[in-house]
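Scrolling down, you'll hit the structures one after another.
Okay, so subunit A shows up in both of these, paired with subunit B first and subunit C after.
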Partner chain A sequence: MREQIKELLKPLILDEGIAFVAIYRIDGTPIFVDIKRRGVVDILHWLEEQVKILLYYLENGRLSEAEIKISSYRLFLQPLSKSLVLTVLADDTISIYKLRIDISTIRNEFLSHVRV
Partner chain B sequence: MLKIPTGIFGLDELISGGFVKNTVNAVLGTVGCGKTIFSLQYLLQGIEDNQEAVYISFDLEVKDFLRIARSMGWKLEEKISDGLLKVGRFQVEDSFIDSELVKFITGKDMRIVIDSFTPLVASLETSRARNEVNWLYKTLRESGTALITVEEPFFGTAGKEVDVPLILADCVIQLKNVGYGEAYSRTLRVIKHRMSPHLNSVFPYSILEGVGLVVEEKRCEGFEVDLSDLPLSESTKEKLYRYCKDGILKPEEIQKIRRRLI
Partner chain C sequence: MSEFEYTAFPEKNSALEDLKRKIKTKDPNLAIFFLTPSLIDYFKDFSRIVKCDSITVPVEGFVTRTGVWTRGGLVWLIDEKVEVEKYFGGADEVCRKLKASKSGKFSLLIYPTVYLGSRASALATLLKEKRYYNLYKKGQKFVLAKVAKLLRDKVLYPINDILRPFRDREETTISLNLFPLEFKWNSPILAYNGEKIGRGLLRIKFSNLKSLNYTDTFPERGNTFEENLEILKMETGYAKPVEFESEDVAIGYIDGKTLVEFAFGNRAFKAENFVGEVNKGDFMGATPQGLWMFSKKGGLAFLGIFDIGTNIYPSLYNTNYFENSGVFTLSEVNRYLIPEICSFLDDHFDVAFLDQNYLLIYERNVVELKDCMKESFGIFVLSPAASFKPKRNYFTEIEDGIFSSLTRNIVSIKI
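And then the complex of A and B:
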């Protein structure tokens, strides 16, 4: 399962402008995390609590997706299914247009994997 | 370190071969995550390995225990009458020392399950809880390898009845179920495993009738199997076919599932 997820997230993991890719379950449990830069660990710690709050709003349907700007990074939260949320931290070198397309493609492919 | 297989399909690979012998292992989880089924699989494995198996509950009568096993497709009545499995229901007491419970679990190389351990600790005075649990764990370790289930509160924060058993246990496995029925709705995580390495991650698992808990991780090359003779629902068979094809279950485990059902 983990390998399948890693394969699906490959376009994001290989992108130089992306500092980390994670999938959180709606209760805040990290299901998959790929961190590429040590420097973002501080941001990750800070984000842990913020992510839980955002996931709560995403679960309740008050937010359909979220985007946060933190210093030179942008954090994208995009629901993948009823219970899983994709989280991507990207620096300002990234093409946001390309990133949105990648995330959308991954979301569509992911849906066929999460239904049991 | 001597290890004993847990009986949970896919778990032994995550904890380097199984539970360390003569340890106390805790399964933590909220209502409905599969703690009792986990316990049953652990006992079934013990019976198949010729170990004396003991199940202790403060809630379930023997007939309730057998009913749960039967709902999974496992008939344990004969195991009890053959003396391979002892099932005991106890009243909660304010001290374990010299209690009937301790006499029930005294032996050598046993597989002991206490399901659930939470009422036992809840009845103890806070100041004595740690010492009492420590003493009981020592007795359990001397008698064999124990599995205790600990109830995680659905709402609110946990008290001593959760903290103390987990702090003193040699291994803690957390089961979680968020109830969305998707992949990763049910997850298993090894929080600690003293004296043995373990994998640090969150693993999806499922619960199937006639099978029990299956950790959904590839462990072998995929294979084809014929399950048409098994008394299982079509949806369960479909999942089993997929697990075999994806290498999540091994051929010998299919034989084990078959033996338990027939």
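And then the complex of A and C:
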């Protein structure tokens, strides 16, 4: 399962401008994490509570997705299913509109493999 | 027979391995690699993974039946008989050589419409333009022809001039006019067999073409300026008629102002700012504002207005085939075209060329285009211009059988 998820997320994992890719369960438990830069761990630690709040809003449908800008990074939270959320941390070298498109494609591919 | 394979990996080695693993055709005649910005610098490595002639083309993304990728690359392996011809030099020289070339059943032309050479050559061109503009503003209109010559020699290939030799001998032709969304010096990078073409043109001559489908998604053009103005107002929401001075590929004053001042007013850049933006990689090759030029035949071409700091503005078309009245609009597309694109694309095509601006305009909604790709693929480039015998009065038909490049164009082919 982990290998399949990794394969699905490889277009993001292999991108130098993407520091962190993860899939969280909606209760905040990470089920897949790929961290490229150790420097972002601090940001992620700080973000943990914020992410939990966003996940809560995503779960109860008050948010359909979320994006946060933090210094030179941008965090994307995109639900993959009713219980899983894709989280991506990208630096400012990344074209945001292109990343949004690729995240949508990954979501579609995920849905085609998994019965939700 | 054609084979298409793709990789969504943005990292060179992984992308190369992925494509190598997927390619099944043993001895194709030609491989065309459509590479997104993260991979285009490695054109040499890609050309080495096939044992045939290869072309690498910079694109902004591609559509597969599962989605849209702006990372990685797509390879088109062609088994049919094809010939590749290279043309170099200024616009006049290339047009002359194309005119003398042998006809084929169908040609796919690939070239940088605008080629940004080195920083030094761009600065030299900008400096010359500044000198010419000083004469132009003193009323010496003949300098427009001098700027046009400068642009033809150093910077651009006018789309209608390039297509005219093909129209004259009734050869169906598509021209992919490379114009990257993110401008850099010495770009766009087009390569043949691992060698950079630079400022030049590649012609792929096919001995067969099963079908070409084209639409500009506009209603049929009207017979008068007023009718076409009404269509533009309906389609773009805002349309202001204007008069402009021009000669060949150089546009002078529009309603008494330079085109950049007219569009951007006091916010307009100076040339130095343009150079600075390209240096930083921040200059965006997309703009909603533009000038619709009415051709003498009655068709229309859209010229996007970029804040490039010049006073005499370069046109992608030879304006001697156009009237001096045009229309300024604030957007080229203002409605949701994706269902229209999907209903236009039937199941019988190999590849569709779609405008790269859809990525910006529709963002993640562009992923819906996957539904119209069964076994086929779509490629995001600047929308192609074309030459063929039309079945209706297309809005984009600027000369008999020559169609301008418009964001709303959709072109699909089956080889």
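What we mean here is this: the second predicted complex is superposed on the first by the 115 of 116 C-alpha atoms of A that agree within 3 Å, B and C clash if a C-alpha of one lies under 4 Å from a C-alpha of the other, contacts with A are read in each partner's own complex, and residues count from 1 in each chain.
Following the convention adopted for this analysis, contacts are C-beta pairs under 8 Å (C-beta built on N, C-alpha and C of every residue); 3 or more make two chains touch, one makes a residue touch a chain.
Predicted, not measured: the structure shown is a model, and the values here were computed from it.
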Overlaying the two complexes on subunit A, which is it for subunit B and subunit C: clash or fit?
fit
Is A:44 contacted by the first partner subunit B, the second partner subunit C, both or neither?
neither
After the superposition on A, what does A:108 contact: first (subunit B), second (subunit C), both or neither?
second
For A:63, is the partner it touches subunit B (first), subunit C (second), both, or none of the two (neither)?
neither
Based on the superposed arrangement, let me know which partner A:81 touches: subunit B (first), subunit C (second), both, or neither?
first
A:27 contacts which: subunit B (first), subunit C (second), both, neither?
first
A:1 contacts which: subunit B (first), subunit C (second), both, neither?
first
Kindly classify A:35 by the partners it touches after superposition: subunit B alone (first), subunit C alone (second), both, or neither?
neither
Closest Cα approach between subunit B and subunit C after superposing, in Å?
21
If you look only at subunit B, which of its residues touch subunit A in the complex?
176, 178, 180-185, 187, 201-204, 206, 216-218, 239
Could you list, by residue number, the parts of subunit A that touch subunit C in their complex?
10-11, 14-16, 95, 97-106, 108-109, 112
Touching residues on subunit C, where the partner in the complex is subunit A:
8-11, 14, 38, 60-61, 66-72, 182, 359-360, 363-364, 366-367, 370
Over in the complex, which subunit A residues touch subunit B? Could you list them?
1-3, 25-27, 29-31, 81-84, 113-116
